[in-house]
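Each of the two complexes below includes subunit A, the first together with subunit B, the second together with subunit C.
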Partner chain A sequence: MQAFLDIFDIYLLEAVINGILLGGVLALLALGLNLIFGVIDVTWICYAELVMIGMYAMYFMVQYYGISYFIAAPFTILLVAILGALLHYLVIAPLLTAPPINQLLATGGVLFVLQSFATVAFGIDFRNLGIRLPVLAFGDMNFSYARLLSFLAALVGMVAVYLFMTRTFTGTAIRAISQDRQIMALMGVDTKRIYLITSAIGGGLAGLAACLLVLQYDVHPFVGLSFGPITFLICVLGGLGNFIGGFIAAFVFAEIISLGGLFSDLEWGYVLAFAFFIVMMFIRPAGLLARRR
Partner chain B sequence: MTGQGRFAAWGIGLAALVALPFVYRDPYHLHILVLILIWSFAYTSWSMMGRFGLVSLGHGGFMGIGAYVTALLWNHLGLSPWIGIPIGMVAAGALALIVGYPCFRFRITGHYFVLVTLALSGIVLQVITATRDYTGGSLGYTPNRASGNKLLALQFDDKTTWYLIALAVWLGGIVVWHLIDRSMSRYALEAISEDEDAAAAAGVNVTAEKLKITLISALMTALAGAIYCQYQMFITPDTVSGIAVSLQMVFAAIVGGLFVSLGPTVGAVITILLAETLRIGFGTRAVGWDNLVYGVLLVLFIIFLPKGILGSLLDRLKPQRKVPRAHEQKAVQIARPGT
Partner chain C sequence: MLELRSVSAGYGTFQALFDVHLEVKAGEAVGVIGPNGAGKTTLMRVISGLIRPSRGSIAMEGVDVLATPPHKIVSLGIAHVPENRRLFPQLSVDDNLKMGAFMKEARGHYAERLEVVFDLFPRLKERRYQMAGTMSGGEQQMCAIGRALMSKPKLLLLDEPSAGLAPVVVQQVFELVKRIRASGLTVLIVEQNVQQVLKVVDRAYLIEAGTIRASGSSAEMLASDTVKEAYLGV
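== the complex of A and B ==
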């Protein structure tokens, strides 16, 4: 009996730490989406599909053209950043004054487009980079280097965004616009330009996430559906546009999924996380960290 | 069109639709028609909420519950779909109430409402996949073939019977739409979608009205799922449940026009014909092309024709039928000086 408990605890600890590592990537995904929402007041339903395109870009650059992973990564980030700016310019900008639901549905259309574009262009095969990183054994616990690397890169990415937002003029302007979008135009800030820059940064974060996720998961056209919904839920749980809330919510969610997966199937982990989300919506409708009115 | 003329047009149209399978018997075309009717019914159910600004991405969940509950009861308990379908509908309705009540009570609207319902369809999809010992998981599920009475099992081999059933169900959906269109609830819900606080101040029970329409919509969507399951005799979590199905409903309703009763039907006709044409035209190379065209159209429609094809067409045909909103605003201002 004692031996059983010991093993059990090791697994529990392993699941908890794996949850934290997963949380890092989810937090990165949520950060990009939160940025877009906080500044432009639009939800990109197709955000995960941008990540999917980024994953394909990594796959082709590394596998087909034999470019080294670390050179391919900046190109992918740039590519997805351009995609993000294009998405804003072509789809969101004409709809800025439309009801919010229409903007949300239009990006839903983009989701279809990106998904089926990937199906048409790349086929529905599962592809992976073929890079197998070693597994780190620590005591009796195993952690994959891929996850550890993702977690660290996600942290670096988040710190970089934080510094950009607080230390540069453009970053300050972005934060100011999210507080009052009407008045900033009067203060001499070109709102259109700021929106474009924000979209590009949001896209760039999706690109970074793509570079990290491609190490752990196979790419296929519908890969976005497996982590897209969870990203939205994290953003809403943290309060849309609330960066710190999103950060915390990402770790809460990752722990629920990881621990739920430990006791049963992975799907039940997701079910638990979704159910937790719905319950939390009723208790704290405006997000985990929202102040009570 | 006068009232009598309108009734005559509906009567002639319906008579033609009922007579069709007895005159024209090509099984493939009938199959497409049945699919169009079933999906039209599902899209109409979605639009009941959608037209009042309650955009739900959870309808894939309701549809999945309807389909799976009916099939599971039949296979495991031998319960006839005649009893199974109502049970499936009740289950979907109960879920709608459980999620809907706190949503409306705590004023979860707009983006937040969309994302809560998104979580709902995510849950249903994951539960169906996770309970793979019973539901077959993502490989799909087939109701057992009936050995005895076909009517009792609601399984028919000929397309004509299915066509008539689907037609009846679709017609029921249109009738419900018109009943709601003429009820007080419609005005209450329109007021709510314009301004919830003002509607509440004017004596509208916001929570109750929203719950009512959500319940109706969920029940109908579950029925659509069950009928689809009985007709196709094969369901997978991805074809009747989940986010893709929910988005497909939104897309078709918007293309057709979600503010007019036949709009979702027009949307279903367009989307299904489009998918079939592409499938036949391109053969196996068409995998993905239909969704590509869908997506582009959806974006273009939302930007340029937010009222949908039928809605915009009707607006063009009879302009100035309604008082424009701007005038109403002015009237309100005159009535309430100083605001």
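== the complex of A and C ==
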């Protein structure tokens, strides 16, 4: 009996730590989506599809052209940042004053366009980088280097965004804009430019997430479905547009998935997480940390 | 310094200003008085570019304001303290002031301007890390004026700085306006508090239903029967 408990505790600890590691990347995705929603007041339904394109970019650069992972990563981040800016310029900007449902449908359309584009251009094969990172054994616990690296890189990415948002004039304007859009011109702020910069940052975060996820998951045209919906649930659970709420909710979700997976299959972890979300929507419909107005 | 010629403006089909002529010379403090809904706020918004007039011209030191994109007008030296202050309530006082120095020309002088503003409003320095929305009305007004001063303007537009403040605080705000004037800044101030504002300005315009009804020095305005009857309650 004692022996059973010892093993159980080790597995539990391993699951908790793996949950934290998973939470890092989810928090990164949630930050990107929250940033767009909080600043521009639109929801990029196609956010995870930007990640998918980024994963393909990594795949082709690393696997096809033989570029080293660490050189390919900044290019991918830049590419998806440009995609984010283009998405804003071509799709969102003309619809800024349109009803939210129209914006939602338009970005939903982009989702299908990107999925179909990937299917036509790259086929439906599952592809991976072919990089096998070692597994780190710590006592009886096993952690994959890929997850550890992803967690640290996601943390660095979030800290970088935090510093940008708090230390620079442009970052301060990004935080200010949703509080009073009309008077931004009095501050000498061109709101169109701020929206474009914000979209590029949101895209860049998706690009970073792509570089990290491609280490752990195969790429295929529908890979966005694996983490798109969960990113939305995290943002809603944390309170849409609330950065800190999204951060906390990402780890709450990741722990439920990871611990749920420990007691049963990984799929049941997701079921538990979604069930938890539904219950929470009854208890706190505006999110864990509802935006106070 | 600032010159408005035959300016008409409105919102949609509603016209708020009719053929307004107005001039502010360098170093002057000029008041615009009049009842609620007379077009005073519209006048300020037209100058700072928040709305575009349907007709007329506006020049700041010879530069055509209407040919300047709205977010570049502050670079011409016009800083607007809007009605109801319009601070960013969930940003700290520091961040609000930072927004005032957003334009490229002002960023280089950020530290220096911050000192000027903190000298003028020591209270803001005490509260610099506090959320602007949690301060008292008077402190918020200081913050709004401070934010405008961060851009090192030549012309300060003040829209109803005394609105919604307790009488003691109103006194303080007008004292501040005097001090800002003394520092050599040109001021255009819109007020309903006619008695108070005429003590601080050199000249004033009386605006009613979107039209300039009278203008003259503070003394002339105080003596004018129209002003006396309608606004001073004499």
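As a working rule, the second predicted complex is superposed on the first by the 289 of 293 C-alpha atoms of A that agree within 3 Å, B and C clash if a C-alpha of one lies under 4 Å from a C-alpha of the other, contacts with A are read in each partner's own complex, and residues count from 1 in each chain.
Criterion: contacts are C-beta pairs under 8 Å (C-beta built on N, C-alpha and C of every residue); 3 or more make two chains touch, one makes a residue touch a chain.
All figures in this text were calculated on a predicted structure; none of them were measured in a lab.
Engineer: By residue count, is subunit A touched more by subunit B or by subunit C?
Structural biologist: B
Engineer: Classify the contacts of A:180 with the two partner chains as first (subunit B alone), second (subunit C alone), both, or neither.
Structural biologist: Second partner only, subunit C.
Engineer: First (subunit B), second (subunit C), both or neither: which does A:278 touch?
Structural biologist: The first partner, subunit B, only.
Engineer: Output check: A:232 vs subunit B and subunit C. Expected answer is one of first, second, both, neither. What do you get?
Structural biologist: Touch partner of A:232: subunit B, not subunit C.
Engineer: For A:172, is the partner it touches subunit B (first), subunit C (second), both, or none of the two (neither)?
Structural biologist: second
Engineer: In the superposed arrangement, does A:101 touch subunit B (first), subunit C (second), both or neither?
Structural biologist: A:101 contacts subunit B only, not subunit C.
Engineer: Could you list, by residue number, the parts of subunit A that touch subunit C in their complex?
Structural biologist: 169, 172-173, 175-176, 179-180, 182-191
Engineer: If you look only at subunit B, which of its residues touch subunit A in the complex?
Structural biologist: Interface residues on subunit B, with respect to subunit A: 53, 55, 99, 102-103, 106-108, 110-112, 114-116, 118-120, 122-123, 126-127, 129-130, 242-244, 247, 250-251, 254, 287-292, 294-299, 302-303, 306.
Engineer: Touching residues of subunit A toward subunit B in the complex: what are they?
Structural biologist: Checking each residue of subunit A against subunit B gives 43, 91, 94-95, 98-102, 104-106, 108-120, 124, 221, 225, 229, 232-233, 236, 240, 265, 267-268, 270-271, 274-275, 277-278, 281-282, 285.
Engineer: Which of the residues in subunit C end up touching subunit A in this complex?
Structural biologist: 48-50, 69-75, 79-80, 82, 86, 88-91, 95, 98-103, 106-107, 147, 151
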